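In what follows, chain A forms one complex with chain B and a second complex with chain C.
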Partner chain A sequence: MPLQKSETLMVAAAVAIGLAGLMSPSWLIFLTTLAVAKALVVLGVVMLMRSGLVSFGQGLFFCIGGYAVGMGGRFWGIQDALVLILTGVVASTAIAMILGLLLTRYREIFFAMLTMAFSMILFGVLVKSHNLGSTDGFSVMEWSLFGWIPQSGMGVFWLTLAIGLLIALFLNRFFQSSIGLACEAIRENEVRVEYMGISRRQVLYINYVLAAAIGAMGGSLTALAAGHVDPEMAYWTISGEFVFIALLGGTGHVAAAFIASMIFALVRTYAVEFLPNSWQMILGIVLLLIILFLPKGIWSLFRRSRRATT
Partner chain B sequence: MTEILRTESLSRYFGAVTAAEDISVTITQGEIVGVIGANGAGKTTFINMITGYLPPSKGSIYFNGRPIKGLGPRKLMREGLARSFQIPQLFLELSVIDNLAIALAAAQNQHMQMLQPVRTPERLAAADEIVSQMDIARYRDEMVTAMPQGARKLLDIAIAMLGEPKMLLLDEPTSGVSMEEKHALMDTVMEAVKRRGLTVLFVEHDMEIIQKYVTRVMAFANGVVIKDGPVEEVMNDEQVQALVTGKRSRKSSATEKGDV
Partner chain C sequence: MLTVWAILIDGFIYASWLFLVAAGLTVIYGVMRILNMAHGSLYALGAYAAASAIGWYYAGGGSQLWLAFAILAGCALAIGALSGLLIERGILRLMYGRDEILMLIVTFAILLILEDAMKLLWGTTPYYAWQPYAAMGRVDIDVLTVSGYDIMVLCLSIAIGLGLWFWLERTNLGKILRSIIHDREVSEAMGVNVRRMFTITFMVGATLGAVAGGITAPIISVVPGIGIEVIVLAFAVVVTGGLGSITGAAAGAIIVGLARATSIHTMPQFELFIIYAVMAAVLIFRPNGLFGQATARKI
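Our next item is the complex of A and B:
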């Protein structure tokens, strides 16, 4: 399968960012690692948005991915990063397969509130679990990659970039596929979808489970990078943050989630630096401006400039 | 002639309101049947019951000899029963070509593919042929929102025909279309129907369209079929003229004048 032009650009961007990491300060490497990891969860939100659903509970899978990494190392003695990530993906997929049976029956605010409710249930359970550190959470054990134990943040940085790139390439094809377009068709007109012979629930279910699995990867990578997990990962404000970034980027292209996630991380970092007591106000203003001037997100700027050049 | 659709005592009640009552009709393969009636006569309810949009309160429906009552739209579509809507049911924020591409993928039962692009060269060629046949090629890459009502109706009908149905039910195909465009639209639709050898049942208010394109008419009034037969016979029926078409025959008008 030859790479498309946008895919080649994404590969080139990932390689360039990976190499730039060699010359970057550690704080920027850490910031980028977290931004890319969170972009994976945002991509899950984008997948749902493309089918007309907004999830305020994607933190559920972000948290499951993170806790799977933490618990895998601490309680089950798993050390390999890929096995730890896979554990999170399997756990998230299993839970999404159960929740999806119920959630795909709902739309609009009901779907949004139910996803948030399930996420908050996990938050409540974790807060009450003293073995898992309650509100403090716990630290992630030392991990390795095929026997290599990374001594700096560069290991998880490259791992996150590589996984982020693979998921971006996969989702780029997914969005252009029959099922990807079926998701958009469901958003537009469910009646016609059924009269075409397509099961909307089946399509939404697969999309939801896939979004959960990708969200778990983001959580696992965040845990590996931060070295710590806590119940906040499932709190509704974290899920709100993912929706914020998804709106910031737009649903036009997979790359938008990564760009928006990086912008969000930088804006927040500098907002906290300059306005430590009212940094949320800066984020609010940014969101307001995006909604007013770029309702389809930052990606619409690329579309406009492409249209202008043709 | 082979029977394709049969309904027996088909009825639908909304609380105390009777939308359709005891509709028993048989349609044979290849027939082009028109359904006429005033607003609220039960025409759309009848089509909605056949196509699984509305469950009947009582009665039976047989398609190709098989009972289909209670089947949902997806199963009916697989059985070969397709429909279009009075308000075209399309994917407004997608392009015409994408509307057709996903419909073609569904018709080929390939709508769950995850990595192959939906826009394959074969599907694009097929979609191009369809837009050309339906005379909407100029909107090929436009969003549906940019299309006029007539073109939307044609796209809606084109999508309905993609699953290789045996029978097509059209709900007011010319409503919302200008007088000048109506006949051109119906010519395009009927040509496509004939090419595929479909049986058609269509609801229509325009009697000119009915007289031009159908061979048999079912006249509805107050939820029941008051007359079913060849066009001329139904159109000249006094009850149909009084309750549906609004025309009164010379004979009955003269009698009324004489009475006065």
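Our next item is the complex of A and C:
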């Protein structure tokens, strides 16, 4: 399977970022790690958006992934990072397989509201779970990767980059596969999709479960990097943030989610420092401007300029 | 038996508050097909306006309860109508005709803007307006004590519900609004100025949200973030009852209110859980809510 041009670029970008990490300050490495981990959850939102659904509850899987890592280390003595991540993915997939049966029957705001309700249910349960630290959450135990215990943030940085790259390559192919294309067709007109002999519920179901699994990876990596989990991960404003980043990037290409997530992280870091009480206002205004002038996200900027040059 | 009475009283008081908060949301959705995420922020705006005005009134030596209520109502009405007008004319007007789901994200952006606007205007220190609540005293029902203020909220909620029903079902303006709910294009063809009706509806909905906030201000401490907590509750209520239906909002408020009261008195650890579980359960069996109408499929 030869790499496509954009895939080669993504591999090159990941390697370059990984090497650049060797001479970057640790705050930038931490920020990039979190941005890439978050971009994975955003990719889940983007996948759903491609099929015309907006989820205001992707924080559910973000939180499950994070808590699986935390609980795996604390209660079940799992130390290996990959096994911890796998725990989160399995838990998330199992829950998504049940919820998906229900959620694929809903569209538009009902889908948005129901996904939000489910993530708020998890939030409500976690807030009342005292042995899981209630609203404070708890810290993640020390972890290892094939027996190697990373001493600085570099370990989780490279791990996140590697997983991010693999997921990006996989999703790039998925978007071009028949199921991935059927998702876009469902957004345009789902009744016609049924006429063509494709089961829309099956397509939406697979898409939803896959988005959940990838969201859990993002949550797991965030927990490994931040070393702490709390119920806030399932709160609906976090899910709103994912929707924001997804809209910022647009559904044009996998890489857009990573770029948007990085822009978001940088803007937020500086905005919180200089304008602590009005950075949300800036976010809101930017969101309105995107909806008005860049309905397909920042990726459409690249597209337009490329068309202009050729 | 005592627990049952306590559940019923608490449940209905909570339900009346939920209805106050949710009524504006359902009015706006019913007519405009916009699920207004910024509704919680309008509630917070009303709460801030009322709390600072009442604080100012009592700090100035005022002690008349009725005057305090007049100030509270005046502030909430004014800020609700004004912000409703500004939001509709300034932002929503530019976005009409887009997907319902995109409008949801637009109102999410408005929520983000309003949350910080309030922080800039009122700072992050809490505001208190407990005086009217304390002045209303308490009422004894057998062995249970209920605050007079809560009973007033209950009455006000019923009054607003009846008022809305009368407005939509018995007045000329209500008839026009119902025609827009049924078919926007046909009513436009019949000469209805839909845009003006949208402005009026949004102002009424926003004012209802602000009034709910103003009424709540004496019960709570007004801090940043109260709007964000309230909006998900209001969503749960209107989605349970059926979006866009006043009766539905009332039914949803009673169901959610009683469910929460039952949970608090019997198994307090499930308080937050139960509200959303009720909503999810209703939606599983009636996808459009209890009083919602199914819409035609697009081909």
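Definition applied: the second predicted complex is superposed on the first by the 310 of 310 C-alpha atoms of A that agree within 3 Å, B and C clash if a C-alpha of one lies under 4 Å from a C-alpha of the other, contacts with A are read in each partner's own complex, and residues count from 1 in each chain.
Definition applied: a residue touches a chain if its C-beta (ideal position, glycine included) is under 8 Å from a C-beta of that chain, and two chains touch if they have at least 3 such contacts.
None of these values were measured; they are calculated from a predicted model.
Taking chain A as the common reference for superposition, should the pair chain B and chain C be classed as clashing or as fitting?
In the arrangement built by aligning on chain A, the partners chain C and chain B fit side by side.
After superposing on chain A, what angle in degrees do the C-alpha centres of chain B and chain C form at the C-alpha centre of chain A, to the nearest 10?
The angle comes out at 80 degrees.
Just chain B (first), just chain C (second), both, or neither: which does A:263 touch?
neither
Look at the residues of chain A and decide whether chain B or chain C touches more of them.
Counting contacted residues of chain A, the larger count belongs to C.
For A:279, select first, second, both or neither according to whether it touches chain B, chain C, the two together, or no partner.
second
Taking the superposition as given, does A:83 touch the first partner, chain B, the second, chain C, both, or neither?
The answer is neither, since A:83 touches no partner chain.
Once chain A of both complexes is superposed, is A:180 in touch with chain B (first), chain C (second), both, or neither?
After superposing on A, A:180 lies in contact with chain B but is clear of chain C.
Have a look at where A:13 lands relative to chain B and chain C in the superposition and call it first, second, both or neither.
So A:13 meets neither chain B nor chain C here.
Contact-wise, after the overlay, does A:298 reach chain B, chain C, both or neither (first, second, both, neither)?
In the superposition, A:298 touches no partner, neither chain B nor chain C.
For A:196 in the superposed arrangement: first (chain B), second (chain C), both or neither?
first
On the overlay, how many Å separate the closest CA atoms of chain B and chain C?
Shortest inter-chain C-alpha distance (chain B to chain C): 7 Å.
Which chain A residues lie in the overlap of the chain B contact set and the chain C contact set?
189, 191
Please give the residue numbers of chain A that touch chain C in the complex, ascending.
Going by the criterion above, the answer is residues 54, 56, 102, 105-106, 108-110, 112-114, 116-118, 120-121, 123-125, 127-128, 189, 191, 236-237, 240, 243-244, 247, 277-281, 283-285, 287-288, 291-292.
Under the definition above, what is the set of chain A residues touching chain B in their complex?
Touching chain B: residues 1, 170, 173-174, 176-182, 184-185, 187-189, 191-192, 194-199, 202-203, 206 of chain A.
What part of chain C is in contact with chain A in the complex they form?
35, 91, 94-95, 98-102, 104-106, 108-113, 115-117, 119-120, 124, 228, 232, 235-236, 239, 243, 269-273, 275-277, 279-280, 283-284, 287-288, 297-299
Given the complex with chain A, which residues does chain B contribute to the contact?
Listed in rising order, the residues are 51, 72-74, 77-78, 82-83, 85, 89-94, 98, 101-103, 105-107, 109-119, 159-160, 162-163.
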